[in-house]
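Shared between the two complexes below is subunit A, which pairs with subunit B and subunit C, respectively.
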Partner chain A sequence: MLAKLRLLTQKNLIGLITSFILFISIFILPGLLPAALIPALLGFIGLIGFGYLGYKTYLFLKENPEFKPSESTTLIKVSGSVIAIIAGLLFGLLMMLIVNPGQAFQGIVTIVSGGFRSIQAMGNMIYFSVPIILTGLSVAFAFRTGLFNIGATGQLTMGAFTAVFIGVRWGVLGEVSPTLHWIVALLGGAVAGAIWGAIPGLLKAYRNVHEVVATIMLNYVAMYLNTLLITNYIYNSDYARAMDIKTTAATPKWNLDLLFPRSSIGAGIVIALIVVIILHIILNKTTFGYELKSVGFNRDASKYAGMNSKRNLVYSMLISGAVAGLAGALMFLNLGKHLKPVNVLIPEGFTGIAIALLGLTSPIGVLLAGLFYGSLQQGGYFLQLLDYKPEIIDIIIAVIIYASALGLFLQKFVINTLKAREMQLERSKQNEALEGSDDE
Partner chain B sequence: MTILSETLDTLYFIVPLIIASTIPLMLVATGALYSEGSGVVNIALEGIMLMGAFVGAVVMKQFEPTGTSTQMIALIGLSIGAITGIVFSFFHAFASINMKANQIISATALNMFAPAFAIFVNRTFSEQGTQRVLLQRNYRIPSVPLLGDIPIIGDLFFKGAYLSTLIGIILFIIVTIILYKTKWGLRLRSCGENPHAADSLGINVYKVRYAGVLVSGALAGMGGVIFVLSFATSFNANVAGFGFLALAVLIFGNWQPKRIFFAALFFAFMRIIANTSAAIPILNQLKLDDTIYRMVPYLATLVVLAIVSKNSAAPRAAGEPYDPGKR
Partner chain C sequence: MDYIIEMLNITKEFPGIKANDDVTLQLKKGEIHALLGENGAGKSTLMSVLFGLYQPEKGEIKVRGKKVQIDSPNDANELGIGMVHQHFKLVHNFTVAENIILGFEDTTYGFLEFDEPIQKIKELSNQYSLKVDVNSLISNISVGQQQRVEILKMLYRDAEILIFDEPTAVLTPQEIEEIMGIMKELAAEGKSIVLITHKLKEIKQVADRCSVLRKGKYIGTVDVADTSVEKMAEMMVGREVSFEIDKEAATPKETVLQVKNLSVFNELLQKDDVTDISFEVKKGEILCIGGIEGNGQTQLVEAITGLIEPSNGEIILNGEDITHNSIRKRNIAGVSHIPEDRHKYGLVLDYSLEKNLIFQTYFTPKFQKNGFLKFDAIRDNAKRLIKQFDIRSGKGATTMARSMSGGNQQKAIVAREIDRDTELLIAVQPTRGLDVGAIEYIHKQLIEQRDNDKAILLISLELEEVMNLSDRIIVMYEGENVGEFDPEKVTENELGLYMAGSKKKE
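Right, the complex of A and B next:
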């Protein structure tokens, strides 16, 4: 074990040092430095991060000199997503040209620059992307194990209610230790989401009920149950919403609010990152994850290979639900955010489906797609300064999802284009060689 | 005597409401039956309904200030809704039939697109910048000639009824007959059960599936307009989850028209009870929270699913793209 750890450290020494520097400059330095130096610090963090990524790419290309873009499945899938995004943005541009041609190009620039217009916008982009990333992860995880979890909304709702309930009623925990309270509330949300997710899992495993239908029904049950529970247990009738959570139940800021001044950013993104890493490891590095994926690919074959397909199916939905529940908890464990007893499905759950697909159902892809969505959302916010309504963002996202549903077609297109270019390159090389031989 | 008159009053009050919400549920569920029957799962019904309701309501609003008769406007609205539904569902058909895309994903995209589009367009073009389309006229027929004069039954069914109700019932019957009593209906169902066998007998599976999805689009779009006309009386960028509820109706009705009718009736009944429980003396005494009534249809569907799923009559090939080369 120790030897293994030492080997890993030696192999990734640069990576470890980079993460250490990043950790210090994100969580500790903002508290020590004067406010004027914060933008410089942000630039430094960006430089380190992108520098490391560039170094990694350089290493990869050095180790694989024969790398052909047309044969890398990841690259092709990613370019499929990129084409879908471009298609969505073009459609958005078209809509804006129809509605108000004068400002359309200014509008599309606003949408694309979105979360990068100011440091505050960047912080808000990250804040708003947290629940989206988590619901995206929830859907993506289920998808990788062969299940379509339409019910992230319901699981999120149950998680949100439980977290808020603990946040309002279990103030005793806050007196013991302020950290304990929000952690318990968060875990409560995850557990509630897990239970709500396990129901369709059990129904599928033991009663052969299709999970899409079951989760749709459970979404509505959760929605009404939420209304019922709020009005009966934690109702603030003056404002027609749930009561305020105790301050100890709010998720901490961990200096991130100093790094991104005036924005709502908090610890949520850190928790989301941890979940990304955990799910990535489960899916790609463990036997458990391999079994889950295998059951998703072919239930009968996995059973024949000695896996407990029913149990694995329930576990998949359990984990998926827990992540969605966490999203709900993180959304509402903020001071000033309130659950309301209105019979409306919380839209973040459905956005999660879109993000999971855009992120190619891989945890890291979902993280990037979620941040992209957060940026678009900020773009929509700034768009109101021009003469457009922010709903155009949802239209663009819908078109992106539709375009990525045509994924197979797009991927073929990318492969063919790349192949044609490689052929051309090779031919020109051959020609050069031939010409060279002529000279001699 | 007082109990009797009280009951009658209650009935006069809730029966028209129940009918008003049964019709869109029933029609949209039949639409889903067509789509799934041909082998394409269509959970985009919510979005298609919303789109039909939106375009239908906007067009009807344009006609309201003119001298066109009220029922004529309703007819125009219904046909516009159907056409919109066909156009919008075409995208789902194209993705899931030609492109062999995941049917849930493309439907989710449509479901996201519809409300965003409706709100965006309406807020951009309406004078007050709101997302609501308010209809001014009253589309009820005060009393159907002759039939409205029958005691009790006339009061229950033919006073203050909607033209859309009649059209909905007639359509439901026609569509059911086509699906179960004609050669074409048999072909459609065969494509949902075993497309390869259908193909080997010379049926063009792609064409039949297109027909299935487009018919479901037409019915859902029309259902959206009916929802606006008779249940909501205005368009507010949602159809109150009726599209998803219609899916529940389809499952609860086990893919059979007769049972779909009763399922729609039951779901509509629960919905109306939830909305009016405070005004109904017997229910008011129970003091149950109205959200409980709202929950019942979904819970009932889950329970039914859990009990009967092993011998469900769902089309066997629903949800699978047709690939002629696959065994």
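Right, the complex of A and C next:
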């Protein structure tokens, strides 16, 4: 065991050191340093982070000298998404040119700079992207098993209610330990979401009810149930909303509020990152993920191989629902945020579908897509300073999704461009060689 | 001599592989020109280039002596080039006539014109004796007739150059005879034909000349009349190929699989697919179940492997009743299965080769620990099998199964199933759609497994394969066992009669 640990340390010493430095500078240093030094600290964190990524890329290229961009499927898929994003932004520009030509270019700059306008905006971008990342992960995970989970909204709602209920009613936990209260509320949300996700999973596995139909229906059940439960158990009739959660149940800040002053950022992003890593490991490193993906790709072959596709299907929906439930819990376990007994489906669940697709249904892709969405949202917020409505952002997102649906076409375009460039390079190399021989 | 089509020095690359490397094909007017090569040799790629589906990186195409640029199948049609694809491109709920005129419709004031086209179709079908009822739906006619519709479609478009992509792969022996006759007749009428195939017997039967490709490279063109089948096979594979299967007499030992009174009921058709079948397979023998496609062999195998529930009967493996066991339990108990449909059951096409090679063993301690996959072990396993079974692919162990050629996909499945080293190996049409080299190889493997005291249940539609490989033969007709035979004592003709249902043993 110890020998193994030593081997692991040797293998990725630089990685370990980097993570350690990052951990210290994100969670410990902000509490110790004076506020004036915070921007410098942020710069330092960025530098370390990007430096490490650059180092990894360098290592990869050194180990694979024959690497050809046109043969890397990941790279090609990602560039498809990037092109889709550019198409969406161009369309947004067009819209703004029509609505209010005078400020259009200023507007597009506002949208693109979005969450990077200020440190505060950056913190808010991360804060707003947390539920989106989680619902995106929820949809993406189910997608990998060949299931289309439209019910992230319902699972999120159930998770949110359960978390808030625990936050309001189980204050006794907070007296034992504040962290305990928050964690139980969070886990309660995840469990409620998991149950809500497992229902369509069970229906699909044993009664062959299509999961799209079942999840859509359960969205409405969750919505009305939510209204009913709030008014019955945790209603604050003065404000027509759920009661305030106990302060012990609120998401802790873990010094992140010092790193991004005046923003709403909290520990949510850390939870989201942990979920990204867990799902990434499940999908890519475990036999369970091997089975799940195999069932998603080819159900008949998985049956032939002796996999229990029914059980896998239920597990997949269970995990998907738990992640969506977690999103709901993290959304509402914030002081000043309240669940309301109104009959409206919570939109974050549906945005998750778009983010899952934009992130190519891979956990890391979803993380990036979610952050991008958070940034756009911040852009939309600042867009109101100019003479535009923030709805333009929604239109841009919609166009991006349409464009990424054209992914295959875009990918082909990328492959051709890359190949043409590679051939040109090869030709010029050959020419050089020929010219070289002429000289002799 | 004038050539009607010349494809000169064609090079076409795909990521990781040169599908065509400096290939030249010259087609004379009125000849049947066979294009011979193993799976993945680049035959289909070359024809797709001619048909405008792919653009070559290098080389030029001349039609009737003029250099042309073919960008799409429409261009090819205009040049009089027609293609019958291996998988037909027909609309199933359209009639024959509608399919033939599709994309080439005559209209008056926007209304479809049918009388004249149907007249023309009838004339064509009489002229070339391509009998087919123009008013039947495609879904109601046989595969052989569908192929005639495809041919009529080309003739209707006045195609002069006809490409047949593996036309006999899906046909019964009688239909094969017929299509051969039709091709000869077409050539006699002045049409030029390219026949893509890897069946040497057919080339010998109809082709005038034959061009051979091997691993994307052009090997040569020969006159079929002066060249022996062995010589052509050697050109294709690159070494001498034996057509004789050497095998010792079987020495059957104890029983491995016992099937007792097995029946499978078809809910959809409300009839039995398999009726009261009993047999046993012993260690060290190959039992072959022969029969024409669709006589219950598929369902029989699915019941034994656990893909469907039998309605009656027992399946006993090594003395243990496995009739109601899960597929996983059967796999562990010792059933290997080379499935009939390699894309539906055999492979996950979006997984890499190495992941496909651990399809039934990923959960064993060899490939996982505490639920985590051991990637090093998986890679080593793949490398070993790739080497041992000569599985060829663009990027080795990490190649996506989807991008491998059919023959190599099949080799991967055979490698995986044989390597599992179980007592019972069920092989369903293991050589379907493969070339002689691969067939020879798989046959050798099956016999080697038999000699290693494995029990082998072989399901095959090819009479030759049945006769050559098996130690005992059972013929199935309409779900019933109509007779058991010793391959040494029965003739192909007699077997054929039982397969067609005109004879039955009591």
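Here is the rule we use: the second predicted complex is superposed on the first by the 437 of 440 C-alpha atoms of A that agree within 3 Å, B and C clash if a C-alpha of one lies under 4 Å from a C-alpha of the other, contacts with A are read in each partner's own complex, and residues count from 1 in each chain.
FYI, a contact is a pair of C-beta atoms (placed from the backbone, for glycine too) under 8 Å apart; a residue touches a chain by one contact, two chains touch by 3 or more.
Keep in mind that what you see is a predicted model, and the values were worked out from it rather than measured.
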First, second, both or neither for A:L203, with subunit B first and subunit C second: first
Contacts of A:K285 with subunit B and subunit C, given as first, second, both or neither: second
Contacts of A:G306 with subunit B and subunit C, given as first, second, both or neither: second
Which superposed partner A:I277 touches (first subunit B, second subunit C, both, neither): neither
Partner chain(s) touched by A:L13 [first = subunit B, second = subunit C, both, neither]: neither
Contacts of A:V213 with subunit B and subunit C, given as first, second, both or neither: first
Which of subunit B and subunit C A:E391 touches, first, second, both or neither: first
First (subunit B), second (subunit C), both or neither touched by A:N343: first
Which partner, subunit B or subunit C, touches more subunit A residues: B
Which superposed partner A:I28 touches (first subunit B, second subunit C, both, neither): neither
Residues of subunit A contacting subunit B in one complex and subunit C in the other: none
In the complex with subunit A, residue positions of subunit C that touch it: 15-16, 305, 307, 326-331, 337, 339, 344-351, 355, 359-360, 362-363, 367-368, 371-373
Sites on subunit B touched by subunit A in the complex: 41, 43, 91, 95, 99-102, 104-106, 108-113, 115-117, 119-120, 123-124, 241, 244, 247-248, 251, 289, 291-292, 294-295, 298-299, 301-302, 305-307, 309-310
Complex contact set, residues of subunit A against subunit C: 70-71, 285-288, 290-291, 293-294, 297-298, 300-308
Of subunit A, residues touching subunit B in the complex: 95, 99, 148, 150, 203, 207-209, 212-214, 216-218, 220-221, 224-225, 227-228, 231-232, 343, 345, 350, 353-354, 357, 388-389, 391-395, 397-399, 401-402, 404-409
